[in-house]
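In what comes next, subunit A is part of two complexes: it sits with subunit B in the first one and with subunit C in the second one.
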Partner chain A sequence: MGKLVVVHSFRGGTGKSNITANLAALLACRGNRVGIVDTDIQSPGIHALFSLAPDHFKFALNDYLWKRCRIEEAAYDVSDILRGHQPGASGSIYLIPASMRTGEITRILQEGYDVGLLNNGFQQFMETLELDYLLIDTHPGVNEETLLSAAISDVLVIILRPDRQDYQGTAIMVELARQLEVPKMLLLINKAVNQKDFAALKQRVESIYGVGVAGVIPLSEDVAVLGSTDVFCLLHPDHPMTLALQSAIMEIVGK
Partner chain B sequence: MGENPSDSGSRGFRPSDMLALPEEERHLLQWLTRRGRASAEEAAGQFGLDPAAARSLLEALAKRGFVKGEGDESHEVYQPRPGSMRTARTLPDGLWRKLRDP
Partner chain C sequence: MNSIRVLFPIIFALEIVVAVSLTAAIGYTSQMKEARETAAEFLVLIGGMIEDQLDRHLSAPTSLVRNYAKEAQKRPDLRFDDLLKPALVRNMIDSFQTQIHVSRGMNLDFANPAGQNLMLDRRGYSKPVVKLSDFGKGGVISWYPFDAFGHGKEPQEVQRVDYDPRKQPYYIAAVTERQPVVSSVYFSPLVKGEPVVTVAEPVYDGRGRLRVVVSSDIDLRLISIYLQGLRLPDGAVVFMFDSDGYFIASSLRQPAAPNGQAASRTLPSILENQDPAIRSMAKYMRERFGSFYIPEPTQFQFDEGEVRHYAYATPLAEKFGLNWKFAVVIPETGLIDNLLQGIYSTAWVSLALLIVAIAVGLLTAAWMINPILTMGAVAAAVEKNEMTEPPLPASQLRRDTRRRNEFGKLAQVFLRMIEEIKVRQSLLEAQLEQLRVEIDHEHTHAQVRQISSTEFFRSLKSKARRLREERGVA
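Presenting the complex of A and B:
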């Protein structure tokens, strides 16, 4: 059975989808079969990083939750992005996007959906596509989807920026994850400034939460310039951001 | 939980319901949710309880509608029973109609 990795942050704008896409790509570069589910139904977006155009989704996660399709029918093989940058890469990435149709977003907000179906869908997606890792991109903050994802996760990655609001929100997420008995929790600090201070920042954050920091990612103009049009680490394998994510990968796979 | 747990028997549990349970029931439901299904004997082994105590906790969860038991008493297996999730329920219907059919 594959490992279920949930990527979350208390606040929006932390780079959650970007980091999820990059972690997926790095895992796939190691030869793994990787799935991604965009459970951020209210504000989906990770499909953009894999150049999957919303007009080209026949089915999305919403359709599965409305029982219009099987979970695997909403999965798209986006592995070409790997081969495009690293021709020898042997892994695969399958993405289940959330719908980008306005009416479908509001419908699911209004009608809700069956939690059990989402839970079963994760398991079925892993089994049917024989995934080694399933990454869940979540909606920020505390909500039912996140609690469910955390409750069944093998690894919970919490992203935060060096920012007082993020620090306070992360304390809540860490407390909830402990109550939900998440087997492994990791923190990833994103958009950090002053590279000379990274070791001290990591130590400080670890001592505040009692949770390991898997990497400190520098604030990068290069990421901003890319503007979610590609997967950064595939283009810049030696960039400090990629190296920080590689260290997070070591923690996720368990060294 | 926002509702009396005894009122929620027909709807299954929402993830946030787990956090409002007494500790022993919460541990058990979380474990069952990860595992998928288990008998009272397996739960007893996991938590170091005697099987009657484990069954009684599972029955308490079943009474709330959070798990359901299947099979006869000697081979009863319990499964978690997640319910439906609905957010922003308080918006008026007219607003939802406008959003869906602009």
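Presenting the complex of A and C:
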């Protein structure tokens, strides 16, 4: 049975989808079969990083939640991007995107969905495609879906930026995750400034939250320039961001 | 603090003032020098001209007298009474008419030892007259028109004086010297008491007896009239005097009023002249030279009141035996009026230029200083950490960066420096923020409690535990 890795952040704009895609790519580079589910139904976007155009996917997570398809029917093999950069890579990446159709998004917002069905879907996705890792890109904040995802996760990766609001929100999520008895929690600090302070920052955050900081990702102009058009780590394997994410991978995989 | 905004224009203005003043001073000095030299040259020139003219005034009567004396010499049998014969007088009149074209104020006189006198003169009338007198018959002077003379008509005018030519200075001098003479100045009854000098030559017979004295008067009034006709600079005076300081003639319209009465009359002294410039010059000459005897052309300056005068004095008519002097006096103001006018104009133009220059200086100073002030204001804002919002100095600084000179480059560097400071400050603040990991635990607990107390959460918690157990996750 594969590991369920939930990537969450208390606020939007922390780079959650970007980090999820990069973590998935790095795991796949290690020969793993990796799945990604974009549960950020209200503002989906991870498919863009894998160059998966909305017109090209017949089903999305929304279709599964409305029982229009099986979960595996909404999964798309986006491994090409992996092999585009690393031809010898043996891993695979399967992505279940959220629908970009406005009507679907509105319906979810208005009617909600069966959270239990989502959980079943995760299991079924992992089993059907024999995934080693399933990465869940969650909606930011605390709601039923994110709590469920966190609750059933094997590893909860919380992304935060080094500012006061994120510190406060992350503290709430960490405490809730503790109460949900999440087996493993990791913090990833994104968009940090001045690399000279990273060690001090990591130490300070770990001492405050009592949770390990898997990596400190610097605020990078390179990342901003690339935007959501590609998977950064595959393009820049030696970039400080890639190194920080590799460090997180070590934690996820388990040393 | 002395603001550069004030100091700079002051220095600029001072430089201009000094430059303009120096230029004006140098110009004034050189122009004054030139003016004085021009004045001196003018004095010499006008002195020479007048001397020439006067020479002509004196030469013409001399040659006239000379000619008639020779003629009389050639005709030893010619008696004085013959002169009164119409035919001879007619000839003389024709000849004299020709002569006086040379010098219009000239006359011709014959006097014999018997006290008879005949004068051909044209002064005082539009036509020449013959003036006859005979001391033996009372000395009355009868004036006859030329045309009527010798036709027994009545005289046109009769001067009831007891005129005796033998007592006249010229006559006495000629007889005494027995040669051509020029008399000193005297007041001749023949010309109605006007001051004259007379050129005279005695004519003797074969036995050395005086036959006649031929003479011609030089009327000092005519010299004055000539001098008054000269075109002189404003305030300039030309006058003549003799070695004793007696006034002879001047360019001023002032009569040579005699002192005293009749035969004892004398010329007025230039020390008492009604013109202050002549008076002052006379006093100056007396003080400087001790007398009015000036042996050679002399230039000098003297002050009359607060006005400086340039003077030129030279001996005149020495070859005629006259100790006359001629002087030209020109006040400095008259000489340099044009110069001063030019200087005043220059001064006004300089003043206008100075004002313009100061205005330009102020604008230039402002143009040059403003960027510095702006940078100072921006630096002060940076110092006070007031650069978070774009303040006015920063926008001015951006405007200054568009200058295409060193200030523009400086402003560009300064602006980049400010931007860099802002970036670094932002970075520093971000660093401080990210290290300031502060959590409101009370708030956190409240939020967590609010969520964890829900049925959903409790259910989720147990459900998650069960699911993990099913998946075999520890």
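Assume the second predicted complex is superposed on the first by the 255 of 255 C-alpha atoms of A that agree within 3 Å, B and C clash if a C-alpha of one lies under 4 Å from a C-alpha of the other, contacts with A are read in each partner's own complex, and residues count from 1 in each chain.
Keep this in mind: a residue touches a chain if its C-beta (ideal position, glycine included) is under 8 Å from a C-beta of that chain, and two chains touch if they have at least 3 such contacts.
Nothing here was measured: the structure is a model prediction, and the numbers come from that model.
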Worksheet item: Since both structures carry subunit A, what do subunit B and subunit C do when superposed there: clash or fit?
Response: clash
Worksheet item: Of the two partner chains, subunit B (first) and subunit C (second), which one does A:N119 touch, if any: first, second, both, or neither?
Response: both
Item to complete: For A:Y167, select first, second, both or neither according to whether it touches subunit B, subunit C, the two together, or no partner.
Response: second
Discussion item. After the superposition on A, what does A:A199 contact: first (subunit B), second (subunit C), both or neither?
Written reply: neither
Discussion item. Between subunit B and subunit C, whom does A:M1 touch in the aligned arrangement: first, second, both, or neither?
Written reply: second
Item to complete: Would you sort A:M250 into first (subunit B), second (subunit C), both or neither based on which partner it touches?
Response: neither
Discussion item. With both complexes overlaid on chain A, does A:I208 touch subunit B (first), subunit C (second), both or neither?
Written reply: second
Practice prompt. With both structures superposed, pick whichever of subunit B and subunit C touches the larger number of subunit A residues.
Written response: C
Worksheet item: Which partner does A:E175 contact after superposing on A: first (subunit B), second (subunit C), both, neither?
Response: second
Worksheet item: Which residues form the common part of the subunit A surface touched by subunit B and by subunit C?
Response: 119, 123, 144, 147-148, 151-152, 176, 179-181
Worksheet entry | subunit A residues touching subunit B - in the complex, by the definition given at the top | 102-103, 106-107, 109-116, 118-119, 123, 143-145, 147-148, 151-152, 176, 179-181
Worksheet entry | Of all residues in subunit B, those that touch subunit A in their complex | 12, 14-16, 18-19, 26-27, 30, 33-34, 36, 80-89, 91, 96, 99-102
Worksheet entry | Complex contacts: residues of subunit A adjacent to subunit C | 1, 119, 123, 142, 144, 147-148, 151-152, 154, 162-164, 167-168, 171-172, 175-176, 179-181, 183, 189, 192-194, 197, 200-201, 204-205, 208
Worksheet entry | In the complex, subunit C residues that touch subunit A | 427, 430-431, 433-441, 443-445, 447-448, 451-452, 456-457, 460-461, 463-465, 467-468, 471-474
